[in-house]
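Heads up, the next two complexes both have chain A, just with different partners, chain B and then chain C.
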Partner chain A sequence: MTLLNVTDLSVTLSTADGAARAVRDLNFSLEKGQTLGIVGESGCGKSMTALALMGLLPEKSKTDGTIKFNNEDLLQKSEAEMCNLRGNRMAMIFQEPMTSLNPVHTVGRQVMEPLRLHKNMSKADAVAEAIKLLDRVGIPNASERLGNYPHQLSGGQRQRVMIALALSCAPDILIADEPTTALDVTIQDQILELIQSLVREEGMSLILISHDLGVISENTERIMVMYGGAAVETGPTETFFDALTHPYSQGLFAAMPKLGMGRTSRLMTIPGVVPDLINLPTGCTFTDRCPLATAECAKTTPPLRQLTAGHQVACHHLEEAREKRPEELFA
Partner chain B sequence: MTGFLLVCAAVSLFWTPGSAYDISIANRFLPSSGTHWLGTDQFGRDIISMLMTGTQNSIAVAVVAVSIGLVAGVNLGLLAAAKRGWTEEIIMRLSDFSFAFPAILSAIMITAILGPGGVNSILAIGLYNIPVFARLTRGTANAIWAREFVMASRAAGKGRFRITFEHILPNILSIIIVQATILFAIAILAEAALSYLGLGTQPPHPSWGRMLNEAQALMFLDPMQAIYPGLAIATAVFGLNLLGDGLRDVLDPRLSRKR
Partner chain C sequence: MSDAPEAVLQVRDLVRHYRLPRESLFKPPGHVFALNGVSFDIQKGKSFGIVGESGCGKSTLARNVMALEETDAGSVKILGNEVMGRSFDQLRPLRQHFQMVFQDPYGSLDPHHDVGWIVAEPLAALGPITQEERQRRVTEVLESVGLKQRDARKYPHEFSGGQRQRIAIARALITHPELIVADEPVSALDVSVQAQVLNLLKELQEKFGVTYMFISHDLAVVEYLCDEVAVMYLGEIVEKGRTEDLFAAPAHPYTRILLDAVPQPGSGKKRERIKLAGNVTGQTEQRRGCAFQDRCPMMRDVCRRERPTLAEIGPDHTAACHFSDELLKNGLEN
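Take a look at the complex of A and B:
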């Protein structure tokens, strides 16, 4: 069953300098229980996509297209209807666990809020449920922790609380926007594993957003690479790296440090910077950084083309890009 | 110091050394003595009693005036921050407009329109306080709205109204309380100023400002008469400012952590 179906999603933010096209004509769908990873560098539109799904974009923005969630178009819903969905059927975890909890309320109160709001639980029931939730996300002495304030918890524990909060109403979909970026590496793995196991147990769908290809590849079934607000390559995780084609995806892959890399060898980088979303170049947005770019790239935008089953790439030079290895492309 | 003021006001409700109202021409301009601790004025009224009763008056005016400003201003500020857009624009431009007039001038204007008197001076000072609170509230509330936990609680499905009262207000409360104590001092000063100008509390009710006004004419005859109410005003304002500073240190975790 298709849980989420996004068609032609575009987000335009009006800024002082003009309209920024943060997301352009994005299409993807998500089955129930499926996990999708969105990867790209800062400013590629991945967080904006997440906020658009939740209906939490800043006021000065325009959203086009359709977002079908359980066959209902979210973009047509009123704010009150969205409030009923948020935290209830769809939940989100943010990047910064240090600031995502209100410092003046206890942890318990904040975990209990969605329960009382969406499930109309009595206080006693909510307390019991909150203890169960905190226990599930691996917080020791959960019943004592309820009375703690956020500053008394470590970053990892706070992210666990955020996860408990997000999962409290057993949503259909969990959107995790860089959930581990602010945490250190050992905690990172624990948190990701926790999200994984909870998602599997509950049969939830997951959208995991990260700039880290490694994190994405270990935790999702499908990968979507975004660049300049649009999807440039998408495919099933299992075969994704074998079929890696788009020069940008290859660049991302090449830029990852590898085990056993000599101390003297330099990390690969993609030259240039992300495109200015206000003055997007015509044609392929990756043109000015792409080693394979030709005159055609600067003129027309390449459509997403099917490469193998489920693997789509938006590039004019599919064959050429496919033959080259990342190391050769960005030598 | 503020505590001392409150005690004075409270005690004066039941007991004053003499009477603040009784006129006794035979006993005018008496120096300090056992019966008249700070002497008497040109009508033979007991100065300490007048000061104490005046404390009552000052505090009452300040409490009501600050409350008016607090309730109306904070609500307007919260509304502006929650709604943004046109609502915010209108509320803020209105408060800008009222800021264009100096405080005392606008208070004089209001009492000029409504007529002098205790209630009207309260209203005048209260109205002046509204935009002060509205601006402060909107500014600090906007800062809280931009914080991540607000986004997180929106993602948890909370409406603007709920977020305002569950997340925004508790986070800005300490700032508002500190502002209230400072405005309390300003309100006392403003009341004294209005009474001094004859626009505030009317005779025979004693008020610090009017005592100053009456004493001014007798400056060279009996300077102490002017000094006592002056001291009272200075003490009250100084005390309240100290209280404000103290409260800020206690309530603001960032400041107290530094020490």
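Take a look at the complex of A and C:
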């Protein structure tokens, strides 16, 4: 059964300079137990998508489209109904474990909060459950840690507490927005491993958001590349990197330093900068940076077109893009 | 030292301990042992990378090399001049030879001044120069980092992160320094912008022959840019060598584990590997034996008793591990 079905999702933020179109006509769906990776650079709309799913967008924003979660449209729900879902059926892990925990409450109290609220547990039960959860995410001496404040924990441990919090009500879907960006590689490894095993064991669905293609590639089944608020390419992870087609995905991959590539080769660069979301160009937003762009690109927005099963690309010059390698595109 | 003339930077036995506040009146104060005897040379025109996790002392090393704080012991020679123990005024004329690029391109540029002013500021260390000369050098340096002359009149907020880092690099370059210390210069940037800045750093090195001391936690970035790499753990260099050698045949278990932990796009599945448990701990204690003993999968009794020293294991390749030979031969075992 499809757990999450997003159709034509658009998010417009009103800023002092005008309306910023943070997410445009986004479509994707997620089966139960499936993992999806969203990758893109800052300002591509990946975090806004996550916040829209959770109903946590800033007040001065407008959301269009539908987000069907268990066949109910989240956008039609009242705030009280969303409160019931949030932390309960859907949970989110944020990027900065330093700032997303409340510094004036103990770790125990914060982990117990959703248990008391959503599961109506007694205090004693909640304490026992919180210890179990902290133990589960690999925090040593869990019972002693309950009384600790966030500043007494290291960055990795704080992120583990965040994961324990997110897991507390065994949600159907876990959204992790750059969960390891602020952490060292070895700690990142531990945290991703933990998320992986939890997703496997609990049968949760996972949306993993990252700018790191490596992280996405090793932890998800499907990948969606976003640029300028829209999905430009999506496909199954296993074959994704062999079949990269959209000029932006190709450029992004070629721009990333990879271990083992040595010093003799040169990194490809995509000329120019990401588009301004307030004055988005008409047509394809990648036009001014794209080596394949023609007059058509600047006029009409390319639709997502099916290339092979499950592999969709939004580009007017599909055939050409498919034949070209990044070296030819961004030389 | 016979090789001294070529070395742009020579660091010997650098030690830096920070005192912690007293926990009680009667206890002696604790210390953070940030640097415990670090030595290395950087030859002219080369890039020297320093990698390690947070808390391993890489940024302390940068601050000490730049003489931005007092050091406890050791020596730092830049172009043969000792910088340790000199006063601010004595250092000032030397500063034109070593400049720094910081991590955060948003915090390191003063928002109240235009780019021309920011970029020209280090010229004050050169003594009085004419307005025309100053203009000429600002234009020249902005063009060399890919910005335009008219950008000199703009303010930092008008630029993107990548452009700001270009401005920071221009500021470092304007005095024609021999050495640029770059502390995580691309960590805050997006992938496509990061590639632009890395290529710029390479081009500038080819053009001006500048030497880099490049600090990063990203091993792939270091491999791309650096000729030599040192891996740090708890204030010590645990392995050092030419980039190709060190990445192809790591001789310290920590290096090996760090390399294994980097996620690689395209593999699709998780690779089999040894994972590192726990965090970097132990900055506040001085112990016997190897710094890495608590987290090392190869730990034996001797590691608790004796501290391994940096030993030669190949040409220009040293590692501080009792079992380097074994590691190179058999790989990591639990």
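Everything below uses one rule, namely that the second predicted complex is superposed on the first by the 328 of 331 C-alpha atoms of A that agree within 3 Å, B and C clash if a C-alpha of one lies under 4 Å from a C-alpha of the other, contacts with A are read in each partner's own complex, and residues count from 1 in each chain.
Throughout what follows, a residue touches a chain if its C-beta (ideal position, glycine included) is under 8 Å from a C-beta of that chain, and two chains touch if they have at least 3 such contacts.
These numbers were taken from a predicted model, which means no experiment stands behind them.
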| item | value |
| --- | --- |
| Chain A residues touched - chain C or chain B, whichever exceeds | C |
| Partner chain(s) touched by A:P257 [first = chain B, second = chain C, both, neither] | second |
| Which of chain B and chain C A:Q188 touches, first, second, both or neither | second |
| Interface residues, chain A side, partner chain B - complex | 54, 56, 59, 79-80, 83-88, 91-92, 94, 96, 99-105, 110, 113-114, 117-118, 162, 165-166 |
| Contact set on chain B toward chain A in their complex | 84-85, 147-149, 151-159, 162, 166-167, 170-171 |
| Chain A partner contacts - residues on chain C that touch it in the complex | 53-54, 160, 162, 190-196, 198-199, 202, 217-221, 223-227, 243-244, 247, 257-259, 261-270, 275-277, 279-280 |
| Chain A residues touching chain C - in the complex, by the definition given at the top | 41-42, 154-157, 184-190, 192-193, 196, 211-219, 237-238, 241-242, 251-253, 255-263, 266-270, 273-274 |
